[in-house]
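One structure, pasted below without further comment.
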Amino acid sequence: MKPRPLARGVTYAFLVAAALLMIAPFLWSISTSLKQPGDVFAYPPTLLPDPVTFQNYIDVFTKLTFGRYFLNSVIVTGSVVLLNVLFGTAAAYAFAKLRFPGRNAIFFLLLLTLMVPFQVNLIPLYKIMVELHKAIPAIGADTYFGIVAPGAIQVFGIFLMRQFLRAIPDEILESARMDGASELRILRSIVFPIALPGMATLAIFTFLGAWNDFLWPLIVTNSDEMRTMPVGLALLARKNASNWGDTMAGTVLTAAPLIVMFLILQRRFIEGLTAGSVKDVG
Amino acid sequence: MTWRRRFRGASAGYLLIAPALAATVLFLVIPMVISAYWSLTHYNGIKPPEFVGLQNYLDVLGNARFQKAFENTIAFVILGMGIGPALGLGSALLLDRALRLRGLFRSAFFLPTMTSLVVVATIWKFLYSDAGIINAVLGLFGLPGVNWLSDTTTALPAVVVTSIWQGFGFETVVFLAALQSIPRNYYEAASIDGAGRWAKFRWVTLPGLRPTILFVYVIGIIGSFQTYDQIFVMTNGGPIQATRTIVFDLVDRFNRLDLGGASAVAYILVVFLAVLSYVQLRIGEERD
Amino acid sequence: MIRARRLAAIAAAMAILVGACGGAATTAPSPAPSAPPATDQASAAPSEAASASPAPSIDTTPVTITVWDYYGESTPVKPALAGFQKEYPWITVDYQALDWDSMNQKFTVGVSSGEAPDVATLDMTWIPTLAANGALEDLTAMSGGQLNGKPIADQYTKGALDAMTFGGTFVTMLFDFDTYALYYRADLLEKKGIAVPTTWDELRAAAKKLAESSKGSGKPDRYLYAIRPNTFHFSQFLFEDGGTILNADNSKAAFNSDAGVAAVDIQKAILDDGSGLYWPDANNDLTPAITSGQVAMFSDGPYYMGLLKTGVPAQAGKWKIALNPSVKQPGSYLGGTGLGIPVQAKHKDAAWLFIQYMLRPEQQVGVFTYAGAAPATTAALESPELTKADPYFGGQSPFKVFLDTMATSSHFPYVGAWSEIDTFITESLQSALLGKATAKAALDDAASQTDAALAK
């Protein structure tokens, strides 16, 4: 059924309007980050700054150690993604395809943890980190381990991968087992390759969550060297709430890595997202 | 299955879930259990806890500020989940018909979803400021500016808008994929039976979308109930409790060293969410 | 559809599991009965700590202390570290910079999880909750009443000493103080022939004459007086009319008295006249409104001097400071920053040495030169650095005004429920000033909530 020209025109009009609504705040944020303080609230408002100034970005890098925050974010996020994809998929495979006593009960227990807001675990978890740090200084509070550990293997990821993996035909696995392959071998050579789109999706979601995580890194890090970008941004935003130029520069810097990555990888991203979440082959 | 294969599956199964289970138990389950215990005590973290049974729960449920937080959160959820998925579905339907530039639109829609809630809230706080761009645009049309975040009637809707804005792309993409996975021959069969556009939507599209709609709602409602980050950045629960949410109440109790009360709030929320999700899924199932 | 059924099965099982789990949550060992709360008797303030005992000999084993600082980039603490290190070479300082907002959260998490710094900068409005929960070390015991070799009582004003005391003992050392005075655009007052207001009626009249519309006619939008709905500003007016926040033994609210109602009414009147600008805390600081000329008078503390200098350099020389207009007596809230030692600190003696160092006149003067704030010790306040003429304020010596305000200021009540009461009062102010309730009704409502909180 081909849409009629008028309907098409209206359709595109709506879509363009929606797209503009989505993008406009970002454009305004970038524009503000390049404005001088006096121009930020100038009336009537102008989109293009005149004059353009990079002072806000310079401020952000000199007032805060944004370079170090960036490095920390990269290390933390990379670790979280890697751990989640590997161990999450492995666990998901076990829940999806292997049978062992207590399997369903354990899975339900894991699902239950999704319902509890993180804030309530904050203090006991922090206490645990502190004790770990006392016992073994290399781990625990104020270390990369401390920031990474609670998010290292997330139940949401296991849930997601389980849905993907259920689609794998049992016959393939059976024949591999008949050939004498161990479960680990099956996981590595059969499951991982098939699950790659799902793992890509998981990687992206986990990356998003880990990069943008704010509350836990704030609490578990004490020293400035360990802070991640969102924590750095929040410190900047709260301090300089009346210096919107600096604040917007901070938001641009914090959001940019994700957006750039998204724009480069978007096809893989969206395919991975849609391939697993809706189709139910199982 | 032979005993041998079952046994092999078992030990491999345990081995494979061991890291996940260990991490979850140590970093999620144990803290959850500790907080559950605290919810039954008066505890400020400094002096030893004092067991009081269900007193915290009674205090919390009877507390006017908590009740207001609960009301606000319900309002949040109804507004956000009432409007958001509908907009997402609408734009997915439109995108489905758009043949050109679909990828471009999808990317544009998805940008807000990529940004952290702190960033989203900061940008919108700036947009909403008294001399900000929204009021400036209103001024260009001769309309008076509004104190979006400091007026008790507009504050909550203003924050809901940012949530809807952020979730729009995610919902669009998910619905779009669902739409595209409905087999075309269903539509053709419906055409042959003489169904018009609206009938097709009702009898082919909607049923095909049901699992996705359910997914979006279950996840969305659980998430909406836990709204906190935007409130923290934009309004701090104000003005006059207008945007105070359940999790905000929880954190507030923490800051006053009322660990028992905070934990009680958390577990009230857990029970409520569990029941709600169960009801949702039962409704979804009955229609089958 | 298959997927829905699966989800339903999962959720159903979850619901059963939740039901089973919901009741039996006590798997931790049975708790010890709670220790009695920190004594809250109204014993005499330890202002006569004239102990002649010599200072104990200092332990010089190498130690590292953790210091948390919320001053931000203009901190007076960081520049002092080098000097401290030189004088106490065996003490290494692990210095951590936070901001004011996160400090509250982090410090709370820290003390409640047992992992606290050795020294922290604490806003004086946090002290009641912390002290009532027994989180702060008893500094009277630690110090023997001496600070840098002299009695503590001799180094602070009475108001400051009072503010540092909880339950009869010092729980913090005041580092910078915050009291409010009137900031006004002297150039505009002079141009319009308005005398500096000293009473509320004069303030209202002055605000009316100052306010004007930038468009020539219509609602005034320029040169307004900032009306801030928070407890700091409310207590200013309340105290000036002879009112108090709580009654004498801190058991009931007293702010809904006639003085309280008057305090709200005068602000509402200025707003209704069109000469006030309603500026809630969520808008953060006033500098944008000052820069644009929207605000020409406001009340606030010493740190605004620094804010004006950095944020509104164009208006240098145009501002002056005066005692806030009052009705019965001058009055202001007393707050600021205190240095405190959590009870869980690991190196308290070294921490106390650090605090003493920061309270020496040289470091105290740094509070002004770096942060633009007001040092708390009287020695620093009398130093030439702080009493010289300030060109930004038209050659005036603003600290002289603030010293006067300090003499007549009082701190908020030190009760454990203070942060809740603060919120009740703030909300009632917002309600009344936005016209949603009469002052009396709003304050009465806050008062009954306060009484309930105090009764717990």
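Note that the chains are named A, B and C in the order they appear, and that numbering of residues resets to 1 at the start of each chain.
Rule of thumb we're sticking to: contacts are C-beta pairs under 8 Å (C-beta built on N, C-alpha and C of every residue); 3 or more make two chains touch, one makes a residue touch a chain.
It should be emphasised that the depicted structure is a prediction, and the values quoted were computed from it without experimental measurement.
Enquirer: Using each chain's Cα centroid, which is most distant from the centroid of chain A?
Expert: Chain centre farthest from chain A's centre: C.
Enquirer: Any idea whether A-B or B-C has more C-beta pairs in contact?
Expert: A-B
Enquirer: Just the number, please: Cα centre separation of chain B and chain C in whole Å.
Expert: Inter-chain centre distance comes to 36 Å.
Enquirer: Distance from the CA centroid of chain A to that of chain B, rounded to the nearest Å?
Expert: Each chain's C-alpha centroid was found; their separation is 16 Å.
Enquirer: Of all residues in chain B, which are in touch with two or more distinct other chains?
Expert: Chain B, residues with two or more chain partners: 34, 45, 129, 131, 211, 215, 254, 259, 267, 270, 274, 277.
Enquirer: Send over the residues of chain C in touch with two or more other chains.
Expert: 1, 3, 10, 14, 18, 105, 109, 112-114, 288, 292
Enquirer: Quick check on chain A: which residues sit in contact with 2+ other chains?
Expert: Within chain A, residues 41, 109, 112, 115, 122-123, 234, 241, 280 contact more than one other chain.
Enquirer: Can you name the residues of chain B that touch chain A in the complex?
Expert: Residues in contact with chain A: 1, 5-6, 8-17, 19-21, 23-24, 26-32, 34-35, 38, 45, 91, 94-95, 97-98, 103-112, 114-119, 122-127, 129, 131-133, 136-137, 139-140, 165, 168-169, 173-174, 176-178, 180-181, 187, 191, 211-212, 215, 222, 226, 228-229, 233, 247, 250-251, 254, 259, 262-263, 265-267, 269-270, 273-274, 277.
Enquirer: Help me check something: in the complex, which residues belonging to chain A touch chain C?
Expert: Its residues touching chain C are 38, 41, 63, 104-105, 108-109, 111-112, 115, 122-123, 126-127, 130, 141, 218-219, 222-224, 234-235, 238-239, 241-242, 280, 282.
Enquirer: If you look only at chain A, which of its residues touch chain B in the complex?
Expert: For chain A paired with chain B, touching residues are 1, 3, 7-8, 11-12, 14-15, 18-19, 21-23, 25-26, 28-29, 32, 41, 43-45, 87-88, 90-91, 93-95, 98-101, 103, 106, 109-110, 112-117, 119-125, 128, 149-150, 152-153, 155, 158, 177, 182-184, 187, 208, 211-215, 230, 233-234, 237, 241, 244, 247-248, 251, 254-255, 258-259, 262-263, 266-267, 270, 273-275, 277-280.
Enquirer: So in the complex, which bits of chain C are touching chain B?
Expert: 1, 3-5, 7-8, 10-12, 14-15, 18, 22, 25-28, 30-35, 37, 104-105, 108-109, 111-114, 129, 133-135, 280, 282-283, 288, 292, 343-344, 419-420, 427, 430-431, 434, 436, 449
Enquirer: Can you list the residues on chain C that touch chain A in the complex?
Expert: Per the touch definition, chain C meets chain A at residues 1-3, 10, 13-14, 17-18, 21, 66, 72-73, 94, 96-102, 105-106, 109, 112-115, 284-285, 287-288, 291-292, 311.
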